[in-house]
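Common to both upcoming complexes is chain A, partnered first by chain B, then by chain C.
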Partner chain A sequence: MEAVAKKTMKQKVNNVLGANPLDARFSIALFIVAFIAFFIGGVLGLLQGLNRAGILELPTWLNYYQVLSAHGVLLVLVFSTTFTIGYFYAALSHTLGGLLSKVRKLGWIGFGSMVVGVVFVATTIIMGDASVMYTFYPPMAASGWFYVGLVFLVIGIWLCAFGAFINVADWRKKHKGQHISLLAFFAVGVFVLLFFGSIGVTIEVLMIIPWAFGWTDTINVLLSRTLFWSFGHTLVNIWYLTAVSTWYIAIPKIIGGRQWSDTLTRLVVILLVVLNITGGFHHQIVDPGITEGIKFMHVFMSLSIGFPSLMTAFAMFAIFERSGRKKGAKGLLGWIKKLPWGDVRFLAPMIAMIAFIPAGAGGIAQTNNQLNTVVHNSMWVVGHFHLTLGVTVVLSFFGVAYWLIPHLTGRVLTPQMNKLGVIQTLVWTVGMALMSGAMHYVGLFGSPRRTSYTTYGDNATALGWDPYLLLLAVGGTLLMVGVVLMVYIAFNLMFFAPKGQTEFQIAEPEENAAPTPKWTERWTLWIVLMILVVSMAYVIPVVDMIVNAPPGSPPFRTW
Partner chain B sequence: MKMHRSEEIWLIIGVAILVISMAITGYQAFALDMGTPSGLETIDPQKVDETAPFDKPGVYKTGDNEYEVVMTLQIFSFTPMDIEIPAGAKVTFVMTSKDVVHGFQVAGTNLNAMVTPGHIQRATQNFDEAGEYLVLCNEYCGAGHQMMSTTITVK
Partner chain C sequence: MKYGLVLYIFLMLPPVANLAESVMAIHMHMQMTLFVVVGVLMAPLYQKIFARFFEKWNSNGVPGILLFMVILGYWLLPRTMDEALSIPAVELFKFISLPFLAGVPLRDSWGKLSNVGKNTLYVLLSVIFGGMAWLYIASPVQLCNNYLIIEQKTLGWGFVFFAVSIMIYFISTLIIDPSDYE
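== the complex of A and B ==
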């Protein structure tokens, strides 16, 4: 009894005094790495954009594909993963009454492993031994140490995932019959996906390492691609799920509203976890070696991920309308005016959500097989993921940074910094609209992705792409301004903003909210269902790829 | 877990759109034979030059205004280059890679396929409009990836 009283006391103190300093230090360390990666990745992005428009010729010691590999690894792997883990560890610490000390230790070891991994990966790329993009499709082979770095990165992620599981299991043991907080529920979903989603790519990397070091002769190319994409698209949806958690939990609080139905929100998490991993197949719609029947089944697999997003779209508009009407909004759309547009903690994630309307629609279109052949590997795809990740995910993460970083460091977001944040958000939005818009358009005309500036010998078709590529560079330049502003804001909130208290943004449930049913907590069942869906999707084609495999390929270094 | 009536209607409409898009995709693929390139034959990627039909890459007439292009992709070129065909021709491309993963895309058409070592990829296209079409590799394949292109001239 005393222990329970102590715990609630601790939680109250936590709410008043801010975060547990030991837990906060861990999250801040991850955010520092995240924003450094974001800055370097952004600079490299600008270099590519300018080169792609034909404005900038890169020096011979800095190859376009080297820059592109580093840009992808830093933003897609490092920035997103470190931010996600930092955010959810802060969430677990806040909503479960602090991290267990062994979990914190596990987290730090995981963090160390990730840093070692990034050092290996970055060094091999800088030395020019790993210009293989973050997708590293065999039989293109980087230095073996590149893949060793990836192993360290994955081990780090797994340690952090297990830390989260241990903390949640401990809390549940001590709070029998209670629900874990909604935010912790999201965290469990994300870490389950991080762990199970990375198993395939880990197997791939373990196949590659002996081959890259020359201990084995050949590799199965198609199997490697398939294992990679079982991870690649899951990763994308992990960030999306992270962004969605802030929409359901922080945004209602910021706009002065209440949380959406707890049960329906948990159902969205469960669906995204169960249906997710199989989505990766839509990256292989025009691959040889996979039958049309399997490819058609995967249209269903990919489209089904759209369902929970439809639920989310409804929930968000309902929250906005409800809170607006409570504040006295009239008419059909009067609630729009009641939203706090000048508050960057709302504005950034709101634009993130709005961007997901065309981004999600574009995704649904291009996952339909025949439509995919129109845009596969074209600039359209690059435009698509700069809209989904570059706007929807990134602006949601920034929205979190504005209140979570000061919460963790015991500081406040000043009105001046808020204003700068609004400017950052607008610059980012315009930059991405120009860049992503130009990419979508020029992709439809056939301009390929991952290609440095070329006219293919002054080919008329290729020359026709130039105006769009120039627009792309203009957008990219604006984005660089956005990068500098955001990095400045993030580090200001970490080390220089005025001292004070900032609340962790968690919305309250409605007063008449129905209790959440017990079945939502049955994680074993959700994981079993997920494995069933994954088996349904992958067992037949993967067995086929192994049994009917052509002779393998030796490693190639083509850069 | 009670859903609002309007949420049910919203979800039903959303799901209907997804189902219709899937039905159209399936109809096109299986009834109209518009399925995506999915060549299932395999080949030893280290013996492409000795294996038929890739020992003799080129353009072959197979029927009345029907052609087959036997093509190898290698860093950083297509073989054969600068293909010429008459307008209205139905052309089937039979392709494989001699080294890394390449892409085969013809700008201005829906021809778009991955060409991976070890597999023989097939894609068919009707070239009704005369003109010069740009063929390019759309999968990063190395330092000279941006130079890997050729043309198809339809007369």
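== the complex of A and C ==
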């Protein structure tokens, strides 16, 4: 009881003072980069959409694959990562009583390193020397400088991760016997994954650099792909974990409810961290050179991530129903009406969650060998990740932006801005529904992904795709409107919205909650377990790939 | 206890056992490890039934750990893996020895060991596993009749991970003092 009283007191103090201005500046800097990347990436997305519909022919100095590489890199690597780090650093600052000054410094150095990395990457893509898509695996080879840029990006991420660890360790030393806040716990999970998940890709990039510069002749393609996906897949789940953190912590507050069980939520985080990295193989179901037995084993490894996801779904419904009933909802579904649908801070992440139902179902389908062969490398896959990433993750992030940015800048979300946000959310939802729906559908009819518009010499099947591709372009155009609105809102909240206090949205724990057990904080144990799971999954196939490798591949420039 | 028994039966089901034993690394690193885990899970029951026995013979934990090490060492040898596959009696011995002569004593001893004892065990295990890694990776000849050289090398790399994981955990217990935080 005393602890609770003390905590609310601290929160009150925090609310009066607002965010620590030095920490806020860091997060805002990351958000600025994130939304600039989002804007440029969105414009490029529209170009692709219009091209795929056969409406727009791209000029020779800006070809489809160059645009596609930039779109992927800017949205997947830059936007998502910078937003995630900005959000969690704000969370650490808020819940742990401010960042340590050395951590802030580390963060800025990491930020600088990331910016340098992005400059290298963007420059090589613009020069047309790096149309290798955001997956950048061999045998396609970009200019070596592209990969050097990636190294800077990874170093930046690592510095930010270590900053977070240092801050959390320091706090726990000063607060013996207490638990770090749930949000900080999510942050630790995310940074652990960011660090360990990027070790594989770092090894890959260090193999590629001498090869791309011509110092080595050949490279092991399958190994590179495997190392890439150990990272690529983990990154996907990092965004998911980030989105989930807002569902567990911010949403209950916004709808006037309370958190779900603290212990079980922490268990979800631990499970996602331990089980995650090994899922990478489901991106390689069609790759030759990996035996059937291994692929079979990995179906289970992929599906095991479904368990914490289902726990999350259950938790969300429990939160909604409880808070609805407290407001006097009657009947089986009466609580639905009690939810604050007009509040964009709720609406955006709510749609994000709803979208995850079909998105998750699609993912479970794809991870099965037979079904995967139907959709592999077709537009279906592009539809899938525009639903998971483009809706579930992105709308959750936007939901955060509506209160976190004004909290950091000492401003408020006005009712007009809220309304514009609701419009943005609806435009985005309809746009993605059209685009992603069309992508899923046309993928089932065989339209390939990562392919500039072509009718294959007026082949009847290819011509049959046209109506869907047109629908894709319509959705993409709506999305462009959504991009403009969102970027406008974000910068408005940063620099122009009226001054005022905005609260950091953190729900209170359940009433009469049981104390959280200590074992949840045993991070070394979770990390060792994670390493064991990773080695169980990777040692056998990777040794096979290295020892029984076919002749390596020289670099190819296919564009 | 319940979970231990379920896991035990599951691991001994012929199709499961056959599948696990068909891959060298899974045979040693998953099946055998899980048998030890079975013993660890079941230990409390035996500690209750044979309380006097454990008290008398394993009062400071050292005899139990020695037994654990002997059994572990025995099953690290390539020859024993081969025999487990070709001689049913040895297979049976594997099913019994790993849970009851390694897992159970490990759990009984662990709580009784001093910090020095625990640390010695961490170091000893990672050194042994490191040595096994070197043996299996570097050996130019096939060590098991039943497994190819490639599987042997894979097993060796598995040992590297095992050794590194134990080392990381060990080092973390040295530099991180839970009482600083809890």
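Following the convention adopted for this analysis, the second predicted complex is superposed on the first by the 546 of 559 C-alpha atoms of A that agree within 3 Å, B and C clash if a C-alpha of one lies under 4 Å from a C-alpha of the other, contacts with A are read in each partner's own complex, and residues count from 1 in each chain.
What we mean here is this: a residue touches a chain if its C-beta (ideal position, glycine included) is under 8 Å from a C-beta of that chain, and two chains touch if they have at least 3 such contacts.
Just so it is clear, the structure is predicted and the values come from calculations on it, not from any experiment.
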Clash-or-fit label for the pair chain B, chain C on chain A: fit
Which superposed partner A:S101 touches (first chain B, second chain C, both, neither): neither
Larger contact residue set on chain A - chain B or chain C: B
Contacts of A:K176 with chain B and chain C, given as first, second, both or neither: second
Contacts of A:F300 with chain B and chain C, given as first, second, both or neither: first
Chain B versus chain C as contact partner of A:S452, first or second or both or neither: first
Which superposed partner A:V539 touches (first chain B, second chain C, both, neither): second
First, second, both or neither for A:V547, with chain B first and chain C second: second
First (chain B), second (chain C), both or neither touched by A:I531: second
Which superposed partner A:T60 touches (first chain B, second chain C, both, neither): neither
Chain B versus chain C as contact partner of A:K518, first or second or both or neither: second
Computed vertex angle (chain A) for partners chain B and chain C, CA, steps of 10°: 70
Shortest CA-CA distance between chain B and chain C [superposed frame, angstrom]: 13
Contact residues common to both interfaces of chain A (with chain B and with chain C): 548
Chain C contact footprint on chain A (complex, rising order): 169, 172-173, 176-177, 293, 518, 521, 524-525, 527-528, 531-532, 535-536, 539-540, 542-544, 547-548
Residues of chain C touching chain A in the complex: 23, 25-26, 29-30, 150, 153-154, 157-158, 161-162, 164-165, 168-169, 172-173, 176, 179-182
Chain B - residues contacting chain A, complex: 1-4, 6-7, 10-11, 14-15, 18, 21-22, 24-26, 28-30, 34-40, 42-46, 75, 99-101, 103, 105-108, 110-122, 132-134, 136-143, 145-147, 149, 151
Chain A residues touching chain B - in the complex, by the definition given at the top: 63, 65, 131, 133, 137, 139-140, 221-222, 225, 261, 263-264, 267, 284-292, 295-296, 299-300, 303-304, 306-307, 310-311, 313-314, 318, 364-365, 368-374, 376-378, 445-454, 456-457, 459-462, 514, 517, 548-554, 556, 558-559
